[in-house]
Each structure stands twice: as structure tokens, then as C-alpha cells.
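Presented sequentially are two complexes of subunit A, the first with subunit B as partner and the second with subunit C.
Moving on, here comes the complex of A and B:
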């Protein structure tokens, strides 16, 4: 989205209140969605629930191709379509809903920095394990990614995706990393998040922010997704405050409403 | 310099210019960290050698091991007990990781774009510089290779949709980078360094990204003009340059000043010689004084005529 378009969208957004029929699109939950997309989608859902904005989750096999940025998830609100957590946070702020307005400038800098840490390490590690670990790619990612399509289209799309992710890994210097090094990076990232969280209920004490939503989306998804090896989840389980953090958000924002 | 150490360490990096010890971000990060941690390394610039194409810089050579990439080199130095982060708390260590991630995700794409993709800057500054530092025939190859790597990195990490074009991501990466500069400026505040009174890894990384942007004579750069409005960040760079790199840079300035003075003196000498000669010539010339009276009469004689 261009800057002019962005400015236009935020102006438009400010004019209208949040509608009842807002929709969040993601790939098919049972057969198709992969770890990284599931984590990003859960992060957005957590964020919207923290804001108290109702959204209906809809699964579509072609969600990736429907998204304006090609990334999962995206929301359809009124007559606007916005994808990914960052732009969605901007969009809701324009409508007068924000979780980080109470922070000062230095805290906001810190929040953005930790959000980039999650994107830089956890998201990249998820993509690496999905597409660059041969066992995971062959047993899980390729069959699931191509599942809605008949042969040979499914395989072609899956290989295309795999090739794209591998090129990205090479460009950022992750191409030469071993699986063990990636697990080590995940541990370091969780160590940093755990240190930052400390004994507080949320990263900025009493009130959750978009950082809490993002961390929850990734950690909770890793903890609850079955992969070929449980090593990734095990790395997170050694940080008890992160586990109780996930449980806290799940209980506060996801269990109350579903029951 | 490192001769008194058990294992001498050699750092291969791009050479300096524009008042910087290196013009290359990753090289600068490592150079700054070696200064902060007191590690003695022999700096060997790869300029004008075939290493401009064969080596991955920066690269630290120590005994039989070769370490590449800033993060790995800093880890290696920490294991050699050159630890600038020794006094940091665990929480500050976590902050360091987060801010380095912020730099990589939000600032690096726009810095790469500014130097390697922006047509005007590339043609007038970056390509000529790297070409002039590479031996023939690599001068035709090295700059374009860097430019291609930079472009594909930006597209693969920040590109949207499968068929991405650079114009679509430009607006986004520059607004991200400006926001990142603002966040760094808030975080630094009025302090000299990011954590307390002495510089750490994070300072090395921030310095590496900001200093070239601050010092390069870029023909067009919205990012540079944005940085120059953030006084505390430019002061941060200047301060590190004077405190940690001044032993080298004043020498260079002195040298160039000496050279310039010498040239000037030579010129002045030549000039004065010439003037003297002219004077001599004039004094000794037959048309000088003795002849002055002559034209007058001649003129007098001619005017009536």
C-alpha cells in the first residue's frame, strides 16, 4: 500500500465506527494452515480481542491470494481490507482503538524493538523449520500447503513457496544455518523475552499492548502445534514465566467468550 | 600492534573515507566493538586487492579460525574476553537483542537502498567509490555485485506479493526507517551511550548503521536529512569518532594538512622565485629605467607629428 493510500485509508477509517460484521480471513484451519501463518493470525485475533473489537474468523483455501500484501491474515472491515498486524494496529488506532497510547516515547521504542525481535527471530525460525528442514517440509508443509488443489498444481505451488522462502533465508544469511543453530536462536530470543517480561503480568505491567498479542500469537501456536519434532516447543517450555504469560492471555481473552 | 598477544587477530574490512575508519556498515560495527572492548586487532583493508571479490567482509582471522558476520565476530571476541557488555544486566542484554533486531528489520533496508539502489547516489557516490577501491578488472564487477545483493535482499525481505517491484516497497521502507531513527533518538535521549557511561555492542551496531549515513556526501537522501535533524544521534556518531577513532583520524587530517601546506609552500616559493626573476629581469632589462625618459621624448616628438 502506498503512503498516500495509507493516509487515505486512515482518514476513511476514522470516519466510521467498528462494524459488527468485521471478518478475519485465514487459510483452512484443519488441513492447510502452517505454523507461521497460524501464529500471525492468532496474534491479530489476540490484538483485536484485547481491543474489545469483535471479528468473525473465516477460513478460505485461497486466503493468501485474497490478501492485499499476500500475507496472512487480513481483515475486512466495512469497505476496507487491511493485512498483517502492523497495519491493522495503525488501522484500529485511526478508529480510536489503541493499546499503546499510555506508553511514553521510550517505552514505545522498546515495544517496537521487541516486536521486531519476535519478527526477526521467531517468525524467521518458524519459516526456516517449515520450509528448510527437509523432514518438516516433506511430511507437513508441502502436503498441507498444496492440500486444497489437485495434483500437480498443489505440488507446484508448494515447491514455489519453498523456493521463495529458501531464497529469503539465503538473503538474510540464514541459508547456511543448521537446525540446531536455529533452535539456539529461538532459545536466545525466548531468554530475552523472558528477561524482559520478568514477573509482570504483561510486558508493560498491567495493560496488554500489541507486543503481548504478537508474543502470545507465536508462543501459543508453537506450544500447541504438532511438528515432526517437539524440540521447538521444548525450548519455550524451559521459560516458566512465558508459559504462564500464554496461559494468562488464553484465559483472559479466549476462554471467557467461547464458553 | 597485536604482536604481544598469544594469538594475533587480523580484521579484514573495507577501508575508510569520508572521515570514517570504514565506509562499510558491517565493518564499522566490528571496528567500533574492537575499540569499545579493547581488543587489539590488526586492521587490513581489502581495498585494491582481489579480496574485494573473494572475501566476505568483515572477517576476523585468529590463528586457524576465520569468523564472518558482525554478530558472530562479536561473539568470538566476547569468548576471547573482549567483552564490552560485561556490565550489562540480563534485562539490558535482552534490550540489546531487541534493538539490534529493530535496526535490521527497519533501518537496514532503507540504508541499503540509499547507498546501492537509489540511482543518483549509486552513480555519483557508491559505484565510483567501490570501483576506485577495486583493482582492474574487478572495478567493473564489485559495485554491481553489491548492488544486486542489496536489491534482492530488500525485495526478498520487504517485498510484498510474489511479483514484487522496488517502487512498491520504497515508500514503506523509508517511512519505517525514519520511524526507527526517531525511536533510537527517543531511546538515546541526552546520554552519550545507550547503556550508562561506556559503549556496548548496541552502540557499535547503531554507530555502524548511522555513521555512513551521517558522513557520506550523498547527492540525494531523505533519510540523511532526517538523521541530521536528530541532533543527539549525529552527536552520538561524532562523539564515538573523536573518542575512539581520533588517534587515526587526526593523524590523517594532520597528514593531509601537512601535504597541503607543503604544496602551498612550494607554490609560494615558485611564485616568489618567479616574482624575483621578473623583478631581476625588469631591473636588468634595458627598457627599464634608462629607457623611461626615452619614450617621453619619443612621445613628445610623436604627438606633435
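Moving on, here comes the complex of A and C:
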């Protein structure tokens, strides 16, 4: 989002309180959504639950194309449409809801750095496994991605997406990586997160922040999604404090509400 | 022997060097044959057409032409030979493969020549193998460059291949089409198309990219022209701006439409732009979803136009359009399939396609519509430029009315008719019409919109319109 658009969004947003009928859009849960989109969507849902902002989750086959940035998920609040976690965090802050207001500047910079790490490592690894690992792409990603469309459109769109992701991987230097190297990157990323978390309940002690939401979204989705190989989940399972972190957030923010 | 009759000079009523037949075909009035004493003598003289030559053929296959010139052999006298040669020439020109066709009739020579034998020679000049065109267009905040390539007679049997490529500052479009007529029956033909077209529709805040293939079969039945078509289109819809309404945003994304359609046209008008007499009936129906694809609907629409010449060269013209879109299955209809109404080419006095169902200022189109118009066309006051440039202009008075809405198909036909009859939109006004060739027209009107419903965007006063199809 451009600076001007960002300023415009936050100004507009500040004027109105959070409405009851706020909606979050994501692809079809059963047949269509892929690991990376599911993780991003869960991160936003976790963040909004941590803020105590109600949102209704709606599944649409064309959610990706409805999103103003082309990325999953996006929320429709009043007459505003905002996509992805970063802009959504800014949007809620403009409305007076924030999780990171209690942090000082150093902590906030640290939080941003770890969020970048998660986006650059975990999200990219998810995309790599989905589209660049031939077995996963052929067995899971392509059929699921094209499932809402009739032949031959489903295949065309799936291949288009695959090429798009591969181009992106080549641009950021991941094109030549092997699957083993990607798993190793994930392990290193988790190692860093595990060390930062230590024995605290959340990354910045007692209060969750958007970083917690982001990490939860990705780790929980990887742990609960069945892929062609369980290697990715296994790498995370070796960090016990991250596992209990996921369980804690799930119990605090997801199980209590639904029961 | 050996008297060559250069037809263009000896017989004025048969203009052998007449204008090239192109789109202006219906401009040419069929020449009546005057009977003067000198020709009567020729008419009584029996002749036999012994040979027909076609000179100047390059890549054209001869078997194609034998169908077109076969009638010449049946001529029994000289006048008949001339008339039939003339008809054959028109047929040859209509194929669109010759730049020039000239006819020379000569007495037969050689050993087997009969005393009353004639040889007819068609001297043809073929069109070039490839012709190209280059245009630049400037539109609403957009400029584009259009490249066109045409390959007439590409396989030697009047097949035509055309390619158009438009490269714009915002959008790129292209189209490739192949046309093949049945030899001897030019009206029976098939057309194959491959295209990509991108359009921006600011009245709906919508951008649409279509990539499609289609196959079309046209043939005449009695006085009608029938077209059967299959089309497969991959449609990509998106919002034109961030501020687009959520209703349009919800329609974004990809869909595949595979449809079978049928069109029937009866056109007895003397000209398609500013006709003086005759009528037009056009019926079009489209069934999508039966042959695959994501979109399922049945679409019917029609167009009727009647023209009558009144006193002092004025023409009264009445038109009626209507259409209905029925979704099949639970899926609602797409914004790309619905009907739009309003603007200088349909109901004047309203902004382009800016009436009917809308959301936050974006017009979503309707599933049913009708529109009617009555025009009185008169020559310009005091008739400046009469017989020349001035004849391209007409003044007109018009009254337009119509309606566009969505139907709830559970309610039954009575409720539908009621819905289409209430909340009527109508307008009247007067203006000047300029005819551009025989394909398009420009209008400058002063409009007074009368029946306006809330949400409609009007254009009160002067409105300019350009287009091919007018209500």
C-alpha cells in the first residue's frame, strides 16, 4: 500500500468504531485453501481475537481476486477493505485497538524484525513446498487451487500460480534451493523464535502482540496440515516451547470462545 | 468478326466499371435495363456462349470461380449474356478477393467456333496476398495503437484471415479470425476466432479481460440469415479502482463460459444506417453451461425496427428492444452477462449504462429489460449541401422509453410484466445525426430526461453519441 493510501485508510478508519458485522474473507476451507493462505488467515484471526474484535469468517472461492492486494486474507469492515496482517494491524490501531502500544521503541523494532523473519522464512518456505516441490504441487496444491473451476480453467490458473511463485522464488534466490535446505531454513527460523520465546508465555512476556499472532498462525497451520511428507511439522515439533506456545494461544483464544 | 464490345461504353445501364462492392452494397440501386430500338435487335439474336475465360488468376483456384460464372453459359441472347456477365462480375467482386474485374465479350474464334458463338473473358486483378493497416486511437485517458493484417484469399478459395493487435497504454487486445465461405454459396460460411479483449467499464467500476475461442456457422434460410455459434471464454473480472463497491468486488475473479448461441436476422431495410424504408428483426438466444463452464444461463433478446417514408423526405422510425436473462441452477448471474441500458445509443438523456440496479454508484446491470424509441428524421432545415455533403446529415426528434430491472423468478410472468412497466424511464429531445459511411453514425442531441428513478445518472441537455447500433 502506498503511503498516501495508508494515511487515507487510517484517517477514514478512525472515524468509525468497529462494527458488529466485520467480515474476514478466505478461500474455501475444505477443498481450496492452501497451507500458506491458511496460515496467513489464521494469523489475522488470532490477531483480531487477541484484540477482542469480533469478525465473521466467510469462505469464497474468489477470495484471492476480491482482495485489493491479491493476497489472503482480507477484512471488510464498514465500507473499508483491508488485506494482509500488516495493514490490518495499522487499521485496527487507527480505530484504537492495538496490542503493541505497551512496547518501547526497541521492543517494537525487535518485534518488527521477528515478523519479517517469519514472513521471509516460514511463509516463503510454505510457498516453496507448495509450488516448487513437484510432489506437493502435483498431489495437493494444483488440484486444490483449481478445484472451484471447471476444466480447463482450473489447471490453467493452477499452472499460472505455480509459475508466478517460481518466478518469485528465483527472484529472491530460493530457486536453486533443495527441499532439504528449505527444511534447514525452517529449523533455523524456529531455533531463533524458540530462543527469543524462552520460557515466557508470549514473545514480549505477559501480553500477546501481533508477532504472537503471526507465529501462531504459521506454526499451528503447519502442525495441523497434512502434506505429502510430515518433515516440515517434525522440524517444528523438536522445539517444545513453541509447541506449548501454540497450544496456549489455541486454548486461550480459540477454544474458550467456541465452547 | 472480331468485334470487341467494350461493355462499359456501349451499354450505359450496365455499369461494368461501377463502384467497388464493399460495405456499400446496399447503396447501389439495381440498374433497370432500358429498351431502345438498337438493343431490341440484339436481344432477338440467338447466341451461344462457347467459352468463358478468366484472365489474371494467380493463387485463386479455378473451381471456386466456376460456381460464380456458371450462369453465363445459360444465356441465350446478347442482352442476356451481358446481364449474366454483369451478375457474375458482381458475384466475383463480392468474394472480396479481386481488386478489379472487367468483362470483355467477343465472338468465338478457332476451328470449332460457331457462327453465333461468343467468348466471355473476365479480366481480374487479385488483391495482394497481404494488406496491413496501422491506426492510433485516443480515447478516455488512454491511447492505443492498432495494427491490422489481412490475408484475403489465403488458401485460394476466398478464405480470409485477419489479425488485429491493439497495444494501448492500459490494455492490450488481439484477435485472429479465419473465414471460409462454401464455394458457390458465399452466404454459407464458417468463421473461427481466437481473441483476447480487455475492457474497462467505469459505470460499473469493472475491468474485464476475455480470452476466448469461437466457431460460427452462418447460412441463409428463406429470407433470414441464421448464425449458430459456440463460444468458450475465459473471463477475468476485477475492480477498476480501490473504491469500487463491494458488490463489484464480490464478482471479481475468473470464470469460464461455454455457450451455444443462435441468431436470426431478417433485414429488409435499404440501408443499415438512416434507412428510409423496410424493417429489421433480430432474435438472439444464448444457452451457457450446457457444454461445460462455470456460467449457466439462458439469455434471450430481440430487436425490431420499422421505417416508413412520410412527406418531404422525412422518415418515421420505430424500434423496440427487449431481453431476458434466466440463471440456471442456484448460481446467480454474473455482472458480465447482465443487460445494461441508458446512454446516447439507447435511452438518450441518461449517462452511459447508468440506470437500474446499482450499489454505491456502480451499476450492476439487470436481468430483464425493454427499450423503445420513436424517431422522426427530416433533412436539415433549408437543405444546405443538398445532393452532396448535406445528405449525410439528418435532424431528428425522438422519444425513448425503457426499463431495466432484476426479476424474482418465483413471482411468475404477471409480476414480471408489472415490474417492467412500473418505474419507467423515458426522455425526449431533438438533434442532428451524421452518417459515417454505411457502418456508423454520430449524434448530437438536446435531451430532456423525464422518467428518472432514484440512482439513475442523467445527462440533461446536450449529449453526444457515436456508435453502430442505435435505438
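By our rule, the second predicted complex is superposed on the first by the 258 of 259 C-alpha atoms of A that agree within 3 Å, B and C clash if a C-alpha of one lies under 4 Å from a C-alpha of the other, contacts with A are read in each partner's own complex, and residues count from 1 in each chain.
Criterion: contacts are C-beta pairs under 8 Å (C-beta built on N, C-alpha and C of every residue); 3 or more make two chains touch, one makes a residue touch a chain.
Please read all numbers here as calculations on a predicted model, not as lab measurements.
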Could you tell me if A:184 is touching subunit B, subunit C, both of them or neither one (first, second, both, neither)? neither
Could you tell me if A:62 is touching subunit B, subunit C, both of them or neither one (first, second, both, neither)? second
First, second, both or neither for A:153, with subunit B first and subunit C second: second
In the overlay, answer first, second, both or neither for which of subunit B and subunit C A:231 touches. neither
Mind working out whether A:81 is in touch with subunit B, subunit C, both or neither, as first, second, both or neither? second
After the superposition on A, what does A:250 contact: first (subunit B), second (subunit C), both or neither? neither
Which chain, subunit B or subunit C, is in touch with more residues of subunit A? B
Along subunit C, where are the residues that touch subunit A in the complex? 234, 236-239, 242, 246, 249-250, 252-256, 292-294, 360
Which of the residues in subunit A end up touching subunit B in this complex? 1-3, 69-71, 105-106, 108-110, 112-114, 116-117, 119-121, 164, 167-168, 171-173, 188-189, 191-193, 195-196, 198
Looking at the complex, which residues from subunit A come into contact with subunit C? 5, 60-62, 64-66, 68, 76, 79, 81, 149-151, 153, 156-157
Could you pull out which subunit B residues touch subunit A in their complex? 69, 90-91, 93-95, 97-99, 101-102, 104-106, 149, 152-153, 156-157, 160-162, 168, 171-172, 175, 179, 183-184, 186-187, 189
